[in-house]
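In what follows, a structure is listed as structure tokens, so that the remarks can point back to it.
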Amino acid sequence: MRGDLSDEIVTITIQENINQKAISLNQKSSFGKLEGNVLELSIIEAFYLMEKGRLSIYKNSESDEKLEANYIRNIIKENSGYAKYLVYRDLKDRGYIIKTGFKYGSEFRLYERGKLPGDGHSDYLVKIIHENYDIHALDFASYVRVAHGVKKTLLLAVVDDEEDITYYWVEWTKP
Amino acid sequence: MRGDLSDEIVTITIQENINQKAISLNQKSSFGKLEGNVLELSIIEAFYLMEKGRLSIYKNSESDEKLEANYIRNIIKENSGYAKYLVYRDLKDRGYIIKTGFKYGSEFRLYERGKLPGDGHSDYLVKIIHENYDIHALDFASYVRVAHGVKKTLLLAVVDDEEDITYYWVEWTKP
Amino acid sequence: MRGDLSDEIVTITIQENINQKAISLNQKSSFGKLEGNVLELSIIEAFYLMEKGRLSIYKNSESDEKLEANYIRNIIKENSGYAKYLVYRDLKDRGYIIKTGFKYGSEFRLYERGKLPGDGHSDYLVKIIHENYDIHALDFASYVRVAHGVKKTLLLAVVDDEEDITYYWVEWTKP
Amino acid sequence: MRGDLSDEIVTITIQENINQKAISLNQKSSFGKLEGNVLELSIIEAFYLMEKGRLSIYKNSESDEKLEANYIRNIIKENSGYAKYLVYRDLKDRGYIIKTGFKYGSEFRLYERGKLPGDGHSDYLVKIIHENYDIHALDFASYVRVAHGVKKTLLLAVVDDEEDITYYWVEWTKP
């Protein structure tokens, strides 16, 4: 499949009923957003599909130049941060449907395997921190409180220097 | 309606009393700027009208080649940034009159539904940031200060990876 | 009035019906917490009363050594951070009742002048940042979301290098 | 009941079959440690019993001088830290059996209501931090890891400036 890079969005053009794969990416796997006749993927989604060999990313829609994985990786590092991609990939590989958690102040909303975003509310909010990071107790309280307020559980993902990820469930409780 | 692309502006030529639709776009909906016998639309305004099926954009004024939506979308992505268009479209769909906020260091000035720019001052300044962005407290202060100085409220629009927009009112206060 | 420092808490001993001032500090002005026959003040509350000339702080309960303002100021700087005290003092001077906002991930809960904590819910959450600080958009979203979820307004307090404080109301909105 | 202070331990002397209350404190409620004919209470346990009116603490075993609550409170503040006592009291009031968690690098081990330490393993490890504290991600990982390794759940107790306590369950997970 071909995608074209532009403004940190990768666009797959859908030509009337031909590009069923692109439509299926959106409808079955909840990738990207349909805008007119294009499927727009975030750079993180696009890089995931690229790593899986399902997408080639071109310099722009009029170019024949395929971009290298490193080129895309660097865009991610300079923008979202690579940790965000690592957690995305890891959770995606485990079968979760992943959407942005911005409204809740966290990196991702997570839907259980098999549930689609339309079917109901997400179950978890994912907050990413790096192992060298200090979590201010106040911010910690804030992350948990948001999750609690919308009846989700906070999944704290700590990315270490070797890019391994450790996950923690965190719940507000009255013991 | 026909518009012609030229250097990131789309011009609609008005032929004496014939092109009432173009005049109405300007006078009733505050699109573009009348310059002699042409209505000049920003690429963002033009793309909005194109997406609504109200405008066809041609390669230039001497061409019969209609441009594809993707082509215009790419111009926007490479120039203004696509987030700016997304916020424009969202606010326009909600009925606001939108003008550039450049003079105030923000993306847009916003007029309440039904108010025309000539009738009075705009009510809001719109500042757009991306969810992966760090807001420097000094910049934040600057945005709000400018808005306050011209008796407007700052509307902070945060665009997330899924192209959804979250809005925040921000006002300087002495509690 | 005499208070004794110990473990960053300042204790005022209440001797049966004699120390009406201490009881009134708690019941009328919502300072501190009554524990048996002592009123325990946070170091911030105690320093505020000290600055107002209403409290002398002694090294410990068996000492006659009065502590200097600077000594207490340094304890605050090394623990809560001095910005937290500055905002506390400023809001207290304006007549607000101030309680910790920890459960909501913010520095303070604020009650309107004249309202006591028992009378109803607090109206505002106060989040403090320094002018040299970068607010990650995600954290910003988190602070506002918590406030919204508990029907409070976020009051962002930015402390600058000259220890002046600028306040901003921030509200999540669907324009 | 009489206890005698000595080097931050309070000892209750048990005179053959007379001091059933002291034995019961240990066997039914898991307070302290029986050493020959004395029950040794930590200063925290002793102060808890003192606040409940079940224990008088004397200056030493040869003295008739009863110590004031403030005097004991100050010993706690200067040694364990008062936060530790506050969490102890709160959890004790909720019916838990509480033992030191020192071996596990945490403040307390916690047994469910009704379970005695001999009956099985403790269920929770309690780690106490103050609201103004920054949690280093590495330390966080360490607390959870230790708890996980001994099949316990981490209960993070955050004490705020008003001496209120907020609790969080934290569990290591492979989502």
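Here the chain labels run A, B, C and D in written order, and each chain numbers its own residues starting at 1.
In this section, a residue touches a chain if its C-beta (ideal position, glycine included) is under 8 Å from a C-beta of that chain, and two chains touch if they have at least 3 such contacts.
None of the values given here were measured: they were computed from a predicted structure.
Undergrad: Using CA atom averages as chain centres, what separation in Å is found between chain B and chain C?
TA: So the centre of chain B lies 44 Å away from the centre of chain C.
Undergrad: Provide the C-alpha centroid distance between chain A and chain C, rounded to the nearest whole angstrom.
TA: Computed value for the inter-centroid distance: 39 Å.
Undergrad: Taking each chain's centre as the mean of its CA atoms, how far is chain C from chain D in angstrom?
TA: 29
Undergrad: Chain A: which residues touch two or more other chains?
TA: In chain A, 102-103, 137-138, 140-141 touch at least two other chains.
Undergrad: Could you draw the chains as nodes, link the ones that touch, and say if you get a line, ring, star, complete or other?
TA: other
Undergrad: What chain pairs are in touch here?
TA: A-B, A-C, A-D, B-C, C-D
Undergrad: What residues on chain C touch chain B, complex-wise?
TA: 91, 94, 96, 110, 124, 129-138, 140-141, 144, 155, 158, 166-175
Undergrad: For the complex, which residues does chain C have touching chain D?
TA: For this pair, the touching residues of chain C are 4, 6-7, 9, 11, 13, 33, 35-38, 40, 42, 44, 60-61, 79-81, 84, 99-100, 102-103.
Undergrad: Could you pull out which chain C residues touch chain A in their complex?
TA: Listed in rising order, the residues of chain C that touch chain A are 102-107, 137-143, 145-146, 149-150.
Undergrad: Show which residues of chain B lie in contact with chain A when the two form their complex.
TA: It comes out as residues 51, 69-71, 73-74, 77-78, 81-82, 131-132, 158, 160-164, 166.
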